[in-house]
Amino acid sequence: MRAGDRGRGRGDREMRIINISYDGANGVPVIREPASALKNNTGTWRVFRPTIDSDRCVRCGKCWVFCPEGAIHVSDADIWIDYDHCKGCGICVNGCRFITAQREV
Amino acid sequence: MRAGDRGRGRGDREMRIINISYDGANGVPVIREPASALKNNTGTWRVFRPTIDSDRCVRCGKCWVFCPEGAIHVSDADIWIDYDHCKGCGICVNGCRFITAQREV
Amino acid sequence: MKDSYLKKLTDIPMEDYLVGGHVACQGCSASLGLRLALKVLGKDTVVINGSGCMTLLPVYPTTPLRVPWIHLAIENTGAAGTALYYALRRKNIKANILGYAGDGATYDIGLQSLSGAAEKNIDMIYICYNNQSFGNTGHQRASSTPRASSTSTTPGGKVEVEKDMPAIMAAHRIPYVATACPSYPVDFLNKVKRAAEVKGMAYIDLLVPCPVGWGFDPSEGIDIGRLAVRTGIWKLYEIVDGRVNLTYIPKKRRGVSEYLRAQGRFSHLSEEDIGAIQEEVDEAWEGLEARGYEYEIMV
Amino acid sequence: MKDSYLKKLTDIPMEDYLVGGHVACQGCSASLGLRLALKVLGKDTVVINGSGCMTLLPVYPTTPLRVPWIHLAIENTGAAGTALYYALRRKNIKANILGYAGDGATYDIGLQSLSGAAEKNIDMIYICYNNQSFGNTGHQRASSTPRASSTSTTPGGKVEVEKDMPAIMAAHRIPYVATACPSYPVDFLNKVKRAAEVKGMAYIDLLVPCPVGWGFDPSEGIDIGRLAVRTGIWKLYEIVDGRVNLTYIPKKRRGVSEYLRAQGRFSHLSEEDIGAIQEEVDEAWEGLEARGYEYEIMV
Amino acid sequence: MNTRRMITGNGAAAWGARLARAEIIPNFPITPQTAIIEEIASWIASGEMDADFLPMESEHSVQSALAAASSAGTRVFSATSSQGLMLMTEMMFVTSGLRLPVIMVNVSRGLSAPITLWSDHNDVLVQRDSGWLQIFCSNNQEVLDSVVMGYKIAEDSEVLLPMMINLDGFTLSATREPVEIPSQDEIDDFLPAYNPTHTILDPKYPMSMGGAVFDEYMYFRSQQRMAMCNSKDVITDVCAEWEKMTGRGWACGLVEPYCLEDSERALLICGSESATLKYTVDKLRADGEKVGMLRLRTMRPFPCEGITDALSDVEKIGVIDQDISPGSGGIIATEVKACLGRSVTSFIAGLGGRRIGVEKYEKIFGRLGQDVEEWIF
Amino acid sequence: MNTRRMITGNGAAAWGARLARAEIIPNFPITPQTAIIEEIASWIASGEMDADFLPMESEHSVQSALAAASSAGTRVFSATSSQGLMLMTEMMFVTSGLRLPVIMVNVSRGLSAPITLWSDHNDVLVQRDSGWLQIFCSNNQEVLDSVVMGYKIAEDSEVLLPMMINLDGFTLSATREPVEIPSQDEIDDFLPAYNPTHTILDPKYPMSMGGAVFDEYMYFRSQQRMAMCNSKDVITDVCAEWEKMTGRGWACGLVEPYCLEDSERALLICGSESATLKYTVDKLRADGEKVGMLRLRTMRPFPCEGITDALSDVEKIGVIDQDISPGSGGIIATEVKACLGRSVTSFIAGLGGRRIGVEKYEKIFGRLGQDVEEWIF
Amino acid sequence: MVVTSRILGTATLYDGLYAQDFPLYGAARRGAPVMAFVRIDAGPILLRGYIAKPDILMLLDESIIEVKDVFSNLPADCTIIINTTRNTRDFKAAHPEIKYLRVFCVDGTGIALEYLKKPIPNVVIIGFLIGITHLITVDAFKKAVRDELKKYPPDLIDKNIAGALKACELVTGAGAGVTAR
Amino acid sequence: MVVTSRILGTATLYDGLYAQDFPLYGAARRGAPVMAFVRIDAGPILLRGYIAKPDILMLLDESIIEVKDVFSNLPADCTIIINTTRNTRDFKAAHPEIKYLRVFCVDGTGIALEYLKKPIPNVVIIGFLIGITHLITVDAFKKAVRDELKKYPPDLIDKNIAGALKACELVTGAGAGVTAR
């Protein structure tokens, strides 16, 4: 393929795609970056915001297991909610008396 | 539809189908005559020709039931083979000692 | 057994709704199966066919049928039956709806459509005429092909066991499932009668020995079918309300080699291969015997 | 039970291969189910998805997955799994192949393709996440929709009983069939582990309560799933070698009305309707009890 | 007693089927079509419509059911979109080959992969060889009207072909606008019951249908081709009758010219985008520019005469394709060029619902003249 | 070590796949294609070919398996025909949308209803919008050559599109003629192993594939469109390389002119009928008539330049379509007209395998001139 | 949101005008932000699709601002109605890009809670709209609400209408919670 | 029949010529009549499809005559070889339309029964053909038979070749059973 001809075909002037070049393997609709969805802030969906009383929490793991967003992170030391991805479904709140919900402001 | 225009479209001269007219409901690929296949002589397929010894036949019905072509016809009075449709498979011959096979000539 | 059921060959109705003059092979038991089924279903029957050998029964401009017949494609006998059931009801036409499709069109490419009709328990009779291969295209492997059988796409013999379609249909909880073989016409046709009586879907898996695909002389089809049953390789049974009931129990089972050796498609089998098949069959029948030939498969 | 099996919630692996930031609804247990399954399957897993709600997990240019994921269409998870099995083998890639498709894509439009893979006993894990309707298109009736449930195409309630997909899969004689629910994560994930261990196809029917389609608050999904199990409406079991084995037997079954009344889709039911459902459930469980909660369904 | 209501394109399609008294409705959900079958389901449940609702297990089965029920002489209806329509492809040819006057709505949506939920015309155009009549609607009223007229056209013995009525996903399907709903009495007068003689599935008249043929194949295809030609007149006549009854004639059938009398430049387009284009034409005309538009209403039969009549005096012609045949170009541009035997400028726009809008139409009008394919992003 | 053998078109297709070392062969039987997969099955069974043979339960699943296996980076092959191809339609767009260089042979056969087992081109042409390259073969040698070249073209990073190779049912598929079979070594030199970077399904490089997009949809379609354009050069280059190796260049790719230099009249055709047409041209030329032929080798990309170059000096042009788009006309004629911007005579012939033959071609040459569609029965 | 646009559209029809209303579906998932559009004209409407330059912009939930840049490129005569507990001054301070537009901050959710006991301001907000713009008549509005909510219990409909009328009154009475520029 | 045409085609190739051979599938059903065609030329063959005017017509089973009108419109220089137990005179008497053509009635089935013990004259008949026309060489014929029948047992192949050579000899030796005009 001669350079400059890409995306046109030799001697083929039938098509004009302004400002777009042929991008080869990069122009294929696949997503190459794993877990890139973390860039999206689905925390904005929240109407109610869960809060964990981490002092009283017994680290049973229930909230962490059942959170559909994987937004609850737990270690022996700490338990916290990733509010950029918690959608506020309330499952954790519903499942544990140490988690409470407040209306988002 | 104006007569004479059928199969053309008003003012539509783009198509020429010589010697064929639009046949309406008759131009549809359905077969309306039941059992019309009887017109076809599949007896020509035969290499071996079955013959029933109708005198010794006990009218058990076996040959008639098993003939795939429905080519054996039986009544109390008679039993006979429709040689226009018997393909000579030999099933009847195989199933009854009163039926014998000869090479077709 | 009801009075209207057949007891002997000569009880089978005389009238033919499938006549000769068509192009099925010499000695084809698939066409025989249809001829027989239509005898008991009678003239008020509409046949839906899925593409296969039987599709070439009517070839323009002639048809060997005396009843309405429709073919649409290979994979949609169930869907067409569903629609036809409602259409005929709207048109006030009382008729049996008979689906007659091959094993490829039933076990493989038409399974989904059949499953959809079964789920709705459509009042139709579905006979899968089973020649254990895609016959019309030259006998390729289908999921219905028995293990070890050679086909044009499994020259060395198929590896997988055949799909258990009657069990799959029974798992759909339709009111009637049966197996049959035209070599046992009274058994077969009584099953067709029961299938017609049942309200809802009835499925009959009809083994049709195929001289071309299986490799035997056209005169032997009926014998081969009998051997399939007498060796215990093809079981004749009904499944009603989840209960399996064998309708024929061979008194003394013939050796499977009698059946297998009679067919080209098994000619590559060694004595050990055959021995293994014999063992499987024996085991299955011992299990059945232990159950008194009747048992539940659905709960 | 092997040592590697989970005993309690905290045995569940920490690593997530499905992260947040995607567009599944608030409180979606279908996405929860996938998140959990991937925890035990781990990073060497390739996911094949059939069109449905989960298809929108990756939306260009971002994906919430850390494992390979492919979506082709709605009806071909089984076929894609079959091909992928052979392709990965040729590429010397050792990975679990996980089919993750909805009930519509499994019981209805993808049944045939799944059946084809089952017939070949392809070594894959197929999880049907079952929200009992075509969810992504707005909750239309599927063959998986339970009788009486209203959907957008059965506003008065569905007439037919749901297809018994686990029984159908068992009739395919695959080595492992199970039902599960994310509300019972230890049970579910042990089944996923067994499914991964089995050589050949494993099918898990995963009930995923769907707030939108079923009509309940997003916070209640886990409770609704528990109620489905505790009322005995959704049974947790495995089928191995044709033997059914209940993995959870509610000590005292809760009344079905507790489950039904909690959901909008059943709000049209009268007390009698509910009574009838209760009776059916009771009958089924009495049958199970009589069998000691373990019985054969395939012979 | 007509009523005027705010309804979506999907609602209008459902109303068309209801007024035409469609009897059997096989269906399968797919966005953005599903609301059509949902509406019908609710009417059947409430008793407002007398029909059998058949939820099938795939679109292949939907088209199979349409064909089977139609061949038994019932009036049938369904709707689909994109992937669903593709899955029907095999059966589309069967339905038309058996000359079954099925009416089906397609709500256009771009094809996967990659997945889009938004409208373009590649889905419906894939079916342009299938022997179905194809109508593109420009607004919701036209959807309703086209469905009802559709039965009268398709069932005409000079036609006996299925018809696909396309409405654009979201722009029409989910958009509400005022629609006149004719009364049932009016429609009953307009559209007689369906009582076919060419296909029957009744043991009283045993026919064999759908079998093989040998050398006659080409004959049957020629019949289909002629029926397509015939349909041009039938469409025109039925539209005229409809216009008499309702006041709406949709330019009597095949193409809708807009401000073409003295146009120097014109764009050809189809579907709902024609509205925005009309708006643009009005705007540019207000500025004194001699521009016009031709809307293609029927893609099949392709109205070559209508296009020629309308555009032969126009200097510069452009065609807007919301579709692409990779390796060839805009599908409609190709047919228009072939019809006119002259060069046109081919614009590819709106793929996967990509917004066009007035500004881009203005730009497009400015770029007419060359025989090129130009993509408007 | 080349060998020359009598093989059928189906055999040639199978040989192509074997020589190209296709690894995964999903399949489903359909006349007249089945012998292809049967041949491959027998080679795999005998160990002559190292591939996985996957008998699927439908053609939809065949195409799905092709896409899945190709996206995981294996080289795949299959063959189908008519109804089977139609059932793949949905997946055809998926395969090309994901830019998977699948090679599939279609053995053309007219579409049902009514059923025919004989060849025409309506099946393959339905897929002309699907983003697949399409090659029509004129003889069995070209079938084998095209399959092997196909992989090299499709897998080129400037292309990355699937290719469908069409051979005519019975006339080629079941007809034996002498075919040169290149040696495996030769082919291994010519065609490197397939090692894609654009799609991978390996936990080491986790990608998400086949999902939804929003506004980018049109961008991806433009990439596909450009890849199609690129393929013209790639086809030409690969053919040139092939010619160097084998001496057979198939006119280096897109069109094959025959006796066109001084032609006053010419017919454009595709597929195996071109042979009989060449015979007719020879015959008429022997009588002093200045006639010629142009064979369309690639339908996609559509070689407009090649056609223009070859035919611009010819007075009267006719196009022979073994297909019909009811309501429009001959599909190829339409594209040719659009390309040339001048009138051609459109002949519809050979539908459902209807014999054409020398006499009719002579007659057709005599009927060139008018801008009409004429059916040759 | 969709209900809001439908009521507006239907009411317009009752007022003898032409309307077009539609939601913008993306992934229409529970919890995800949604948008809907209404076009109103005295004659048939030709323009279609997404409205880039609205005359009136209503935000039922201000959190949308974080997800989508709704305030850029608005026409100079655009009227903005925002359901928020903040007042206009604060709001404009936080969003200088709309400083020179007609902005009304209204507490629709507050009224909804009061009348319906639920934080669903979809209908109530139309009351504000009517009060501010007189786009539709109150009669048409009432009829349209009854139409569009007909699958809901009558008392819920009544409460919604009452809430909306209250909102309308607040504006026309220049009551608390509404601040014009 | 198909085997006959394949052997002919392959043998032609071995003789250094070009060939084309194909069966005419209709419904290819067990028992149904079949036809096959061969074209032979010194150079590449352009003509395709059904041969309407053959130079040589061979009937392996005369019953085809009842099904299909094979004798009409044959070219004047057509050679016809018919496998039948009748003699040429009787045959021509029964079929006056071929009275003036070169007709050879041969008992291929008889020879096949003698050599193979089976009534399958497919290969044997080629022997007659070679004898009558010298279309292909005996060496090429033998090689082609071995190729095309390679899945059959070697002794069956040998018997077929022997039968064919016998047939060839019968003709060239102007033996019994073969009658030229």
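Which chain is which? They are A, B, C, D, E, F, G and H, in the order written, and residues in each are numbered from 1.
Simple rule for what comes next: a contact is a pair of C-beta atoms (placed from the backbone, for glycine too) under 8 Å apart; a residue touches a chain by one contact, two chains touch by 3 or more.
All of these numbers come straight from a predicted model, not from anything done at the bench.
Student: Going only between touching chains, how few steps reach chain H from chain G?
Tutor: Counted as steps through touching chains, the separation is 3.
Student: According to the touch definition, list the chains common to the neighbour sets of chain D and chain H.
Tutor: Touching chain D as well as chain H, we find C, F.
Student: Taking contact as defined at the start, I'd like the list of chains shared as neighbours by chain A and chain H.
Tutor: Of all the chains present, those in contact with both chain A and chain H are F.
Student: From chain F, which chain is the farthest off, judged by mean CA positions?
Tutor: Between chain F and the rest, the longest centre separation is with G.
Student: How far is the middle of chain C from the middle of chain E, if each middle is the mean of its Cα atoms, in Å?
Tutor: Distance between chain centres, rounded to whole Å: 43 Å.
Student: Taking the mean of the C-alpha atoms as each chain's centre, how many Å separate chain B from chain C?
Tutor: About 24 Å, centre to centre.
Student: Please work out the Cα centroid separation of chain E and chain H, and write it as a whole number of Å.
Tutor: It comes to 57 Å between the two C-alpha centres.
Student: Please list all residues of chain E that touch 2 or more other chains.
Tutor: Touching at least two other chains: 57-58, 60, 83, 87, 90, 94, 97-98, 112-115, 117, 205-214, 216, 219-220, 222, 225, 227, 229, 231, 301, 329, 375, 377.
Student: If a residue has to touch 2 or more other chains to count, which residues of chain H qualify?
Tutor: If we look for residues of chain H contacting two or more partner chains, we find 31-32.
Student: So which bits of chain B are touching at least two other chains?
Tutor: Correct list: 14-15, 17, 20, 29, 31, 34, 41, 45, 87-89.
Student: All pairs of touching chains?
Tutor: A-D, A-E, A-F, A-G, B-C, B-E, B-F, B-H, C-D, C-E, C-F, C-H, D-E, D-F, D-G, E-F, E-G, F-H
Student: Given the complex with chain E, which residues does chain F contribute to the contact?
Tutor: Result: residues 60, 83, 86-87, 89-90, 93-94, 96-98, 110-118, 122, 125-126, 128-131, 133-134, 161, 210-222, 224-225, 227-229, 231, 300-302, 323-329, 331, 333-338, 341-343, 350-354, 371, 375, 377 of chain F touch chain E.
Student: What does chain A use to touch chain E in their complex?
Tutor: Residues 13-20, 29 of chain A touch chain E in their complex.
Student: Touching chain D in the complex: which residues of chain G?
Tutor: Touch residues, chain G against chain D: 27, 29-32.
Student: Which residues of chain C touch chain E in their complex?
Tutor: 43-46, 48, 55-61, 63, 65-73, 75-76, 78-84, 86-91, 93, 95, 112-113, 115-116, 119
Student: Please name which positions on chain H make contact with chain F in the complex.
Tutor: 6, 9-10, 13, 18-23, 25, 45-50, 52
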